[in-house]
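One chain, chain A, links the two complexes that follow: it is found with chain B in the first and with chain C in the second.
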Partner chain A sequence: MSEPARESIPPPRPRGFWAEAWNRYRRMPLAMAALIFIGFLAAVALFAPAIAGTKPVICKYKGRLYLPCLAYYNRGWEPVVFARDKFRGEYPANLEAKDPESWAIWPLVFQDPYRAVRRDEWPGLPANPARDQGHPSSRNLFGTTQTGVDVFAKMIHGTTVALLVGFVSMGIAATIGITVGALAGYFGGWLDVVFSRITEVVMCIPPLVLILALLAIVEKPTIWKMMAVLGLTGWTGISRLMRAEFLRLKSAEFVTAARSVGAGPGRIILRHVLPNALAPVMVPITFGIAAAILTESGLSFLGFGQPPPSASWGSLLNDARSNLKMWWLVAFPGAAIFLTVLAFNLVGEGLQQATDPRLREARK
Partner chain B sequence: MPLLEIRNLVTAFHTPAGRVPAVDGVSLSIERGTTLGLVGESGCGKSVTAMSVLGLVASPGRIEAGQILLDRDGRSIDLVGLPERQLRTIRGGRIGMIFQEPMTSLNPVFTVGNQVAEAVRLHQKVSRQAARARALELLRLVRIADPERRLDEYPHQLSGGMRQRVVIAMALACEPDLLIADEPTTALDVTIQAQVLELLADLRQRLGMAILLITHDLGVVAETCDEVAVMYAGRIVERAAAAALFARPLHPYTIGLLAARPEHRRAAADPLAAIPGMVPQPRDFPAGCRFHPRCPFVREPRCTAELPSLRELEPGHLVRCHYAGDLGDPATVPAEARAE
Partner chain C sequence: MIHHLVRRLGLGVVTLLLISFLVYGLIRSIPGTPLTVVVSQTDPSRRLNPADLERMKAAYGLDKPWYQAYFIWLTNVAQGDLGRSISRKAPVTELISKRVGPTLALSTGSLLLTWLLSIPLGIYAAARSGRGDERAVSLVLYMLYSVPTFVAALALQVTFSLWAEGTPWELPLFGMTSGGPHAGTAAWLADVGRHAILPLICQTYVSLAWYTRFINTNLQEVLRQDYIRTARAKGAGTIRVMVHHAFRNTLIPLVTLLGLSLPALLGGSVIIEQIFSWPGMGRLFFESLRERDYPTIMGLTLLFSLLTLAGQLLADLLYAWVDPRVSME
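And now, the complex of A and B:
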């Protein structure tokens, strides 16, 4: 009625900001490949105990169903009955011996990430070779370590560690960074002064040194403590970006408009400013995940990681240090670290391009 | 009792360079169902006055003195010093506001329906469905074509005129008693301008609300306003019924503004009349009458030394000038303006 010229053209389907960004992201083959690779890694990480392990994924024992593979996620989740019946971690023979009626579904590869498989643990399977005898073979796809632990199994379970470190530490960092940046930027005044100074102080703390100090103090260094340190020190960049976005957006006319219809500060921050400010921080968060994975690998390589037995990619590299003839201890974990970090960086770059406002304008 | 009465409002900004009184003792009143035009050049304090009413003056600005009395169901409440929580129920609930830039006054990441529905839900406890239905009704009220479809569109898919209609719909969500329109048509092209003004006039009649129309366009004022207040350098210099003001402007500034309208020329080839000089910066307002450096009727020493008061020269016609009604002959060009 008011704009007849516009009415005649059938309008495109309404699209939100993220739908538009996704549309642009989809057209970048490299970034898409990286995203698919990360999806693949995530699947591997999630189903690691079903891919490689020595505990049944699911088994029926004495008339009940159990999921012994959960032990790989958390030791405490291993059904108590197996400890009571003195399985000592050896399932195939024990299941057979103690309950002939039992059945089990086994992981794809019968190899353990934390110990060498003994002879005949699995019917007909020889003991893992150790030292430089452990070349990659059909039984040990990526070879074995000094002590005969299967590298393939270690790497599968290492994926869980790597992604967990990346996502959890950056999750912590993003939560702190977004909160601090948003509050400082939106409210300004003394809150901004205090938060900005805290940010600067934290920025001066080198995370690696802090982690080394922490590991020296605590009795049982776990990856969780490492993630906490990485998260608690890695939020400064995010917070500063967030603050800048909030400073820019809080005086935007649509924010004033929202206030003029009676919206309170909480609603304005969460609903009006945050969704508009989120795109720029997605990029450093993605890069941060890559950096956290790299830091964890580095620490494990230096021997400051999770205490053995651990399944970190970095600890495999550490194993290779003592015997460089075992090239498979360098090549496979190295490639895994390289590809994972590369993939996250490519995704970050893709996000940057997909959400860049200048490129968005150019397309209009 | 008028719907809104502003008494001696002083809003100042505290900048590192010193105190800047953008609004300096403004008094206004708006009756229910009428339109008051607030006119003046850029930087004279019109928008700050509007923002003060809603308590939205951004730091480092602060209301330093005065009262803003709003009639709420027969009881008058002072919006100055009202706690933020209560102010929020006023914003959008009793007083709606629309802005100059329809391109930026909608949140780009939410659909139009979402934003209008939010304005509804901020003040009324209704379900999502009910709010959406109300949003649809509002889009219809502001005469957006095909409102069912527009409801699910994003702001960037709408034209400027349509966005301004959406902003109006948001402001009207809870049927406010007063609508503050801060240059609602400045960013729109002329045909859309006329449509939006017509819409506002129609809505005023249908909903019985009052409008505070802030503009620098005297043509808009002539068409829509019942009363006019002319602002200059943070002060009201003339206040009258629109007809009286256009028929017989009393303040030299108003006379100059009216003479500067393009349609005031006898022939299109004539040069545009202009008021010489610039609006002074609030930091260095001149002593005496603030308009005296640009006034063609300036008379020493009273104009340069003594601040004129706002006096009622004719019934309902207030003017802030020592010599209003008896201006004498204009000097060709005022001395200080010539120096620029």
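And now, the complex of A and C:
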């Protein structure tokens, strides 16, 4: 796949398929807006610990520089020295007390996604309101949960969860789907029968049973296991489409030509057919990302997600069920899920219009 | 035709066997059994002593390895017996038949509403294609399509519990009836109707958006055909062209959709029924999964998969029936 973004100035040779597609995609304002929004989400997801957190982004302590905020990505990445000096997660006071020479750059918002901030943890900052008293305010932009955890911080860190789930699980699903579909379509015969049957079986099992059973079998459903399960259950549509594409393309003239010059099946599949079959499956993959984000938040909402403390958007909605008066627990995460799903759907739609030659003909 | 049907049915049976085998293995490997999960939830002092547990396991056939238990279950199903629920102490068929009614009430209501609204909306959108009002309507529908059901359901509940309490707009948020005796059938129906409004909205808006878009796209494709130009040229009005000439030809894909919506009709929506405490099939499924009630889960899975397969077959048959160009061979 060529990098489409660099080809905005028309090069002398005829442009490739993806450059053409990008050119068409660029002219769709809604799809472009959605793409930009996803870029914004990705930035939020990547820099979540620097936007909201209680650990310094970077600090100098006892003569050395540390990045304690990395602990939000992976608990094991928290520098050992802070555990040894008994910080217990409370940085501002401890840094001051244990090394007066120290300095730190703090996240934009001093709030933790996993626990309520205590009184004077940050000099002058009151404790987060708990129970149903946590209306949105200047201190807690999106309010707080029943236990006093800041909703804004949870949502910022939830962006990381949502996007990771979307991309990783769809990556797994796409790999399985493309492999199964390509092999079934290209080789046909008993391989096709077996693969088609497996696809049909996975399609017909109620998704909830499949997902819940797989999640329960792995026990302690961490976010990574959740992604694996969503990937293992979400590949059927892609596989069907891929199979159809391969059935259509394997008798095309360029494939016959490749075979006649002595190309083996591996080379034909990977170099000749796959690049031509990739465009149609990009669309269901994009929609699949939206679906995976939706499923993850739905499972968390039903109480089957990552065990607490979790920063998933759906877990906030789950909190709201026990007290419907806390509207901010529905409005903000609900809007976030909606906008993210909408953005991925719009991008999928745009991709479809940009890559489907039939639609292009129809537009003229 | 017959040959094709027989082949499809044979493949369907194989698929069903595979599905039930897989699901049986899957649910038996979820930690916890119906005996331990339910008891530990109720009261720790009532926990069974090991000897009693073994005795009960033997009584329910849980002491055997799952593949043996599966074949016992399969033999019973072949004789028309879905077994007895372990946690609810009632035959599975009885449980299912109790829950079908509420689910059907919601799903048929939603299907009717969807068709009644989406066909005129779709025709309208296709007729005004490209104009400002059509774009606005399409955009709103497209956005509706991206609203997750659970978000919409919660948002409705929050809205009604915050702002409608005490006003004439107040609607019940949970359950199918308010409980208590009803003055008569009419009063009961009115009560159920009031309870059904919010779940019905939640179940309808997504399919409404989807169907309208579907009809719109198909109509636009049809409208580019030559015979539509001919109809216009001979002086047929917009409404006549749209309804009489164009819409008829979009019925073909629409009819296949009807077949594919069969499983949802009886299966219900787990999330909607769970949020609104609607006593339907989806909720039964969710509860039985939580209680590890193997016979009920298996009965429902069998039913859902059967409906999915039957829906696909029905869609193909209907397709061949409405479109003479398509043959089943």
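Remarks
We adopt the following convention: the second predicted complex is superposed on the first by the 339 of 364 C-alpha atoms of A that agree within 3 Å, B and C clash if a C-alpha of one lies under 4 Å from a C-alpha of the other, contacts with A are read in each partner's own complex, and residues count from 1 in each chain.
The definition used in the following text is that contacts are C-beta pairs under 8 Å (C-beta built on N, C-alpha and C of every residue); 3 or more make two chains touch, one makes a residue touch a chain.
What you see is a predicted model; the values in this text were computed from it and never measured.
When the shared chain is aligned, chain C comes close enough to touch A:Ala320, but chain B does not.
By the document's definition of touching, of the two partners only chain C reaches A:Leu210; chain B does not. Of the two partner chains, chain B is the only one that A:Gly188 touches; chain C does not reach it.
With both structures placed on the common chain, the touch criterion links A:Glu200 to chain C but leaves chain B unconnected.
By the touch criterion defined above, A:Ile337 lies against chain C but remains apart from chain B after alignment on the C-alpha atoms of chain A.
Shared-chain residue A:Ala252: touches chain B; no touch with chain C.
Judged by the touch definition given at the top, the superposed model places A:Ser260 against chain B, while chain C stays out of reach. Of the two partner chains placed by superposition, only chain B is touched by A:Asn276; chain C is not. In the superposition on chain A, none of the residues of chain A is touched both by chain B in one structure and by chain C in the other. Contacts from chain A toward chain B in the complex involve residues 1-3, 6-7, 11-12, 14-17, 188-189, 251-254, 256-264, 267, 271-272, 275-276. Chain A makes touch with chain C in their complex at residues 197, 200-201, 203-206, 208-210, 212-214, 216-217, 219, 290, 294, 297-298, 301-302, 314, 317, 320-321, 324-325, 327, 330-331, 334, 337-338, 341-342, 345, 362.
The touching residues of chain C, counted against chain A in their complex, run 11, 14-15, 18-19, 22-23, 26-27, 29-31, 142-143, 145-148, 150-151, 154-155, 157-158, 161-162, 173, 221, 224, 267, 270-271, 274-275, 285-286, 289, 297, 300-301, 304-305, 308-309.
On the side of chain B, the complex with chain A involves touching residues 54, 56, 58-59, 84-85, 88-93, 96-97, 99, 101, 104-111, 118-119, 122-123, 143-146, 149, 152-154, 157, 159, 161-162, 165, 167, 170-171, 173, 192, 195.
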